[in-house]
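I have placed the structure first, in the form of structure tokens, so that the comments after it can refer back to it.
Chain lettering (A, B, C, D and E) follows the sequence in which the chains are written, and residue indices restart at 1 in each chain.
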């Protein structure tokens, strides 16, 4: 595949308010850098993430979407991430089934204490998505001009 | 369209050094709906806030976007600011350009670009914000303390002192916890029992405190101010009301071979027992695992000898349902299991003991009556080796012990060494240490006394192996300062085992929906600023359930937790979070998907009349959300196939608008 | 090779990380061959960290290590000194012309009863 | 009349497509025929008709009208119309050919004129093909359409060996002029026509009677109680309208793609609950009214406005594709029966 | 069978057990049966048809029918039965207003299969044992019945009517080895590029006529999110490749765990898009990851997407599985 050297992926990171958003803040507090391509959207809980939002991001030209939530068992709302886990597993499997690169979607559990993990995860994810190149299979050409 | 004001904060140089704040404000001023954009040194300062208030009034702003630090830091501040200027606080959105931009991206151009995008996302969200009004819920003026150790006791006493009723739920037959097992306490060497038992008695007699011993938490529902807790009162087969604690049953019980957990299994107790003389409540309990009557149906002696007629073999577990406004977790710690450290021969020789066992061996109320004797042959030990950091400070990949420092071991080992040398000056005491950590008032002085006055041999190095041989314990260790390997024939070896949270904490955390760290210590709402609160509102932390602590720290934290509880319970009403789920009843088809995933039971259904086509009336089953119970997680919004359920403050369209703005 | 690269190389081969060492000395406390060595297990780790690898490689101690793995087993920090020592040995052995045993010499020394690992280990240590 | 041997049809297609885009019906992987641009190797479908009608080529399902470029608070308006290239459609059946007349009256001649449609019509050459094997669902005869004599710029017939062509218009003449065709006798296709007419005489729906419908029947038919019973089974999907060669309703929508807003039109369906929804509500609140609208429009309202021309061509697509087999034939037979 | 059913329908009407009967009404041809409500024995005598073309799943009609005055009789085939129960679980139908007659079924035929076998101009069909005798305007043809079956009948997952007031014929059993996931497995075994090409070739034909949605018993929303201008994703036509994908992914996701795999979506698609392969993918994944689950098989169980266990697989399991050849 032809890769534009200047191209960098757009990554949307949905972070639950209680663990992962705080984890992202902690990585800021600790000055642990990760690529600026990552833009975080705060949601109350990983279970708030509607598959529609993920598809929407891809439609609008995101190249990777990652969901970060509390570790299973640590959900602020007890069970939210358990539901999110099932939903995302099924959704990712479906995207894969449709031939959409599964590496563009990911779930990571990042606690409020895991600033380093957040930064490391984002570095790794951006790298993985950069290697994949632009999202062509789920973009909407009407959003590119 | 909203009239939006954008305020970009420099946060001194925190943001301004790596983000061109002027460029951000300029770019955002061009966004549709933005009528004003500026930048300022400290938006959170008084003059910063004044500027926001002024602009709201002057320009009639209907929405405010603040590009600053994390919303977890100052969202509440800015909401209040706007509220005081007459703007609904939920018309404020924060773009996090400090933690997520200036602190993580060093390149100014990159940071500025990202800050603009985050600002746009916030603007896009505000465009769709609607004013929200928080509901109010009443507070149940009663607290629950889980765990009856020194932490739980102190918290309960403080809350009770303020006039609020408190229940202590303790899983053991008595309160007192680990402190009751200790001999002396560092650095003052006063006797643990002497300072703890009066507090236990106070708790037992305080009319605001109810002790639910031999009980466990079964289930927790509800939310801050309104918890519904089910407590399992385990059958102790003795009527607490009738039992006088006389102890006759214990004398007569034929089953005398039950390992005595209070003495760390170093001696035995009877099947019906009171853990120790000062137990509160001083009530006997039958250990169902060992009782002959309960297991074989034959015996019944305790029932016959009990003058109070308190024994009841038919007793069953009971579930008590109570309402509480606040819950304090004080579940404490346990020493880790030493089975993975067999190089120290813990399982091979009874003379290798853990520090807590040593504590009992030194205690006047312990199995040896306070005389230090080797467990193997009951002789007096002449050489004792203490090993520090057993299972603490381990690498995670070693999978043997804990990564953290257990904090109390250096001090209690010094205490043990000192006490041994004081009582038995003919005993040689060696302490192998990696570092001696004594940060605390009078702590280092205490350790130095052990070395200087009591001639304890502190050796920088670690024991490599212990081999029981010919009645001795052959200790092989390194002396790093001397750069030699040393061999000691010891009579006893004492292992300073790491401490870990009680095993009951993890399932409890799940019931409480309180978060934990990887070590199973409860997480605090903020490590510095809110150390005694759990992130889950209404749940407070006391003692070692939050992290390793010594007694003074535990007591201090217990008091702090109590004061937080009190400041909650004095309120008559709590202002709720208005960001709750809201069903669109015109879209709802009543399928019950949302109800199935709601962790709070906040969703019910109602048959409601709706206007149908051609002047007909349709009765439809639709979802109804109780905003006081809903915590706003959003699980229902995704479960709803109709998109009828939405979350106020984080609506589908708001989140999609943010996505759009970011991906633009 | 530069010192820095040497440290990296040793770290890479051993798979451990000497920087994790908290200098507790448990390795030396556990070592059965301690007295046979000029430098001791805890020193190995520190020397690698310090970059004193040439000195370590030239020492008698690394060849006296029994590879019994007691230090590796007991190390609470997963530094695993035995692997580091092995790495130093390997680096030494890999230097051209410094082989302790010529390949042609090997067959004559083989004994059916010796376990494979012991042969390798013994050749590295004693065959000079 | 011109002809070409069937073996050489690819040469003909190549010759046409060398000059202009040529659309022919082709089966896809699921055996569904559709008009797609000819490319070498593509084989013409043997199906009687395409799933979607030929109207797609003049009135596509989605079409951008105008774009709005957004730059901060500034909006720039950009005309989305692009110049259309001339094209040829080959293999249009007689029924679809009639549908162009019906659509022309709405988009081509009536005000406001539809410039997108007009441009496509003007730049297209329609080559029709007679139906050698009509099916049981065909009832074009009820509307006076003869499948043996299809209209279009060029009419074509086929027998076992050859295709025969006759130009009907100047555009048709121009097309045929440049093609590698042989001359044929004027009656060369007569045998084919005769065979076709034999079959059409056997079709089960050949005697479909439309006398109850036509201009001026609104009052008579509007309140027929059968609308309620017929519409009861209707699911409210848009299948019949989307496969229909004469359905012409569209909706105009905006799509905000972030950088640009596109205003586009897309087919609408009177079967949909939000069809012609207004802020005051829905003028056809239940499926009964929506169902009635579709058939009254085809059989009464349109003929009212267009000299009695029915807005149905009897292609039978809705008979085949309706999920629950409710269709215009059942409506024609049922409505107006009970007085 | 038809005679027994008609008799039962008339009997139910005449005894006053019900005041109307939901059934299949004869059309222009033998195959174009339309769901209809019959209120008199005469209508039933005249127009009620039950044949191998009575494939339509009519449980969705019960949403409205069960809310009308009086009781309605419904004939429930095994696969309709799962939808019937699932709709009850979702409180969509009022069970008290329905008299459900279960029908034993050994497969329904599909005109599409007959047409695709090259048989055109069909005017009549007669069942002759395992063979269909088909009259056409071009002469008589024959075809094995098994070749004309609906896809869902080829892989019939169950012959058991879960809930009914009485049965006509013998109630059957579930068949978990019906091979209905074979096609899904075939796709899973392809490379992502092949899968993408496959689905593009399928979904690009979608004309967004909504037939799949309108016929689907699980799609019983008052207003679909794709029709709701306030949902933010409303669309009337698939104006881009993305919208084609989006509609079908979201639709499959919204019915996941509630879809009984009745196969109506694929039956009605005018473009013959194998939509059931999307739903079956979810069903297969759920079965494999969370244990076997059949929507509508009982009245109590929670759909897997509304349930969890603490030990569920992580989403990363998707990276490890299939399709990387």
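The definition used in the following text is that a contact is a pair of C-beta atoms (placed from the backbone, for glycine too) under 8 Å apart; a residue touches a chain by one contact, two chains touch by 3 or more.
Because the structure is a prediction, the values reported are computed rather than measured.
Engineer: Please find the path from chain A to chain D through touching chains that uses the fewest steps, and give that number.
Structural biologist: Contact-graph shortest path, chain A to chain D, evaluates to 1.
Engineer: Just by CA atoms, which chain is the most central one?
Structural biologist: Going by the distance between chain centres and the overall C-alpha centre, it is A.
Engineer: For the chain pairs B-C and D-E, which is connected through the larger number of C-beta pairs in contact?
Structural biologist: Between the chain pairs D-E and B-C, D-E carries more contacts.
Engineer: Averaged over CA atoms, how far is the centre of chain A from the centre of chain C? Could you give it in whole Å?
Structural biologist: 44
Engineer: How many angstrom between the C-alpha centroids of chain B and chain A?
Structural biologist: So the centre of chain A lies 30 Å away from the centre of chain B.
Engineer: Roughly how many whole angstrom separate the Cα centroids of chain A and chain E?
Structural biologist: 36
Engineer: Centre to centre, by mean C-alpha position, how many angstrom separate chain C and chain D?
Structural biologist: Centre separation, chain C to chain D: 84 Å.
Engineer: Give the residues of chain E that touch two or more other chains, as numbers and ranges in rising order.
Structural biologist: In chain E, residues 223, 225, 233, 239, 305-307 touch at least two other chains, as defined above.
Engineer: Where in chain D do residues touch two or more of the other chains?
Structural biologist: Within chain D, the residues that touch at least two other chains are 255, 258-259.
Engineer: Quick one: which residues in chain A touch 2 or more of the other chains?
Structural biologist: Those would be 51-52, 56, 60-61, 73, 79, 83, 87, 140, 142-143.
Engineer: Between which chains is there touch?
Structural biologist: A-B, A-D, A-E, B-C, B-D, B-E, D-E
Engineer: Mind listing the chain E positions that touch chain A in their complex?
Structural biologist: Within the complex, chain E contacts chain A at residues 184, 187-188, 192-200, 225, 233, 239-243, 245-246, 249-250, 252-253, 256, 278, 281-282, 285-286, 289-290, 304-310, 312-319, 321-323.
Engineer: Any idea which chain D residues touch chain E in the complex?
Structural biologist: Of all residues in chain D, those touching chain E are 28-32, 34, 48, 51-52, 61-62, 133-136, 199, 202-205, 229, 232-233, 235-239, 241-243, 251, 253, 255, 264, 266-269, 272-274, 319-321, 323-327, 329-330, 333.
Engineer: State the interface residues of chain B toward chain E in the complex, per the touch definition above.
Structural biologist: 584, 586-593, 596-597, 605, 620-621, 639, 641-644, 652-653, 656
Engineer: Per the contact definition, I'd like the list of chain A residues that touch chain E in the complex.
Structural biologist: 51-52, 55-56, 58-59, 72-73, 79, 82-83, 85-103, 105-107, 137-142
Engineer: Which bits of chain D are touching chain A when the two form their complex?
Structural biologist: 255, 257-260, 262
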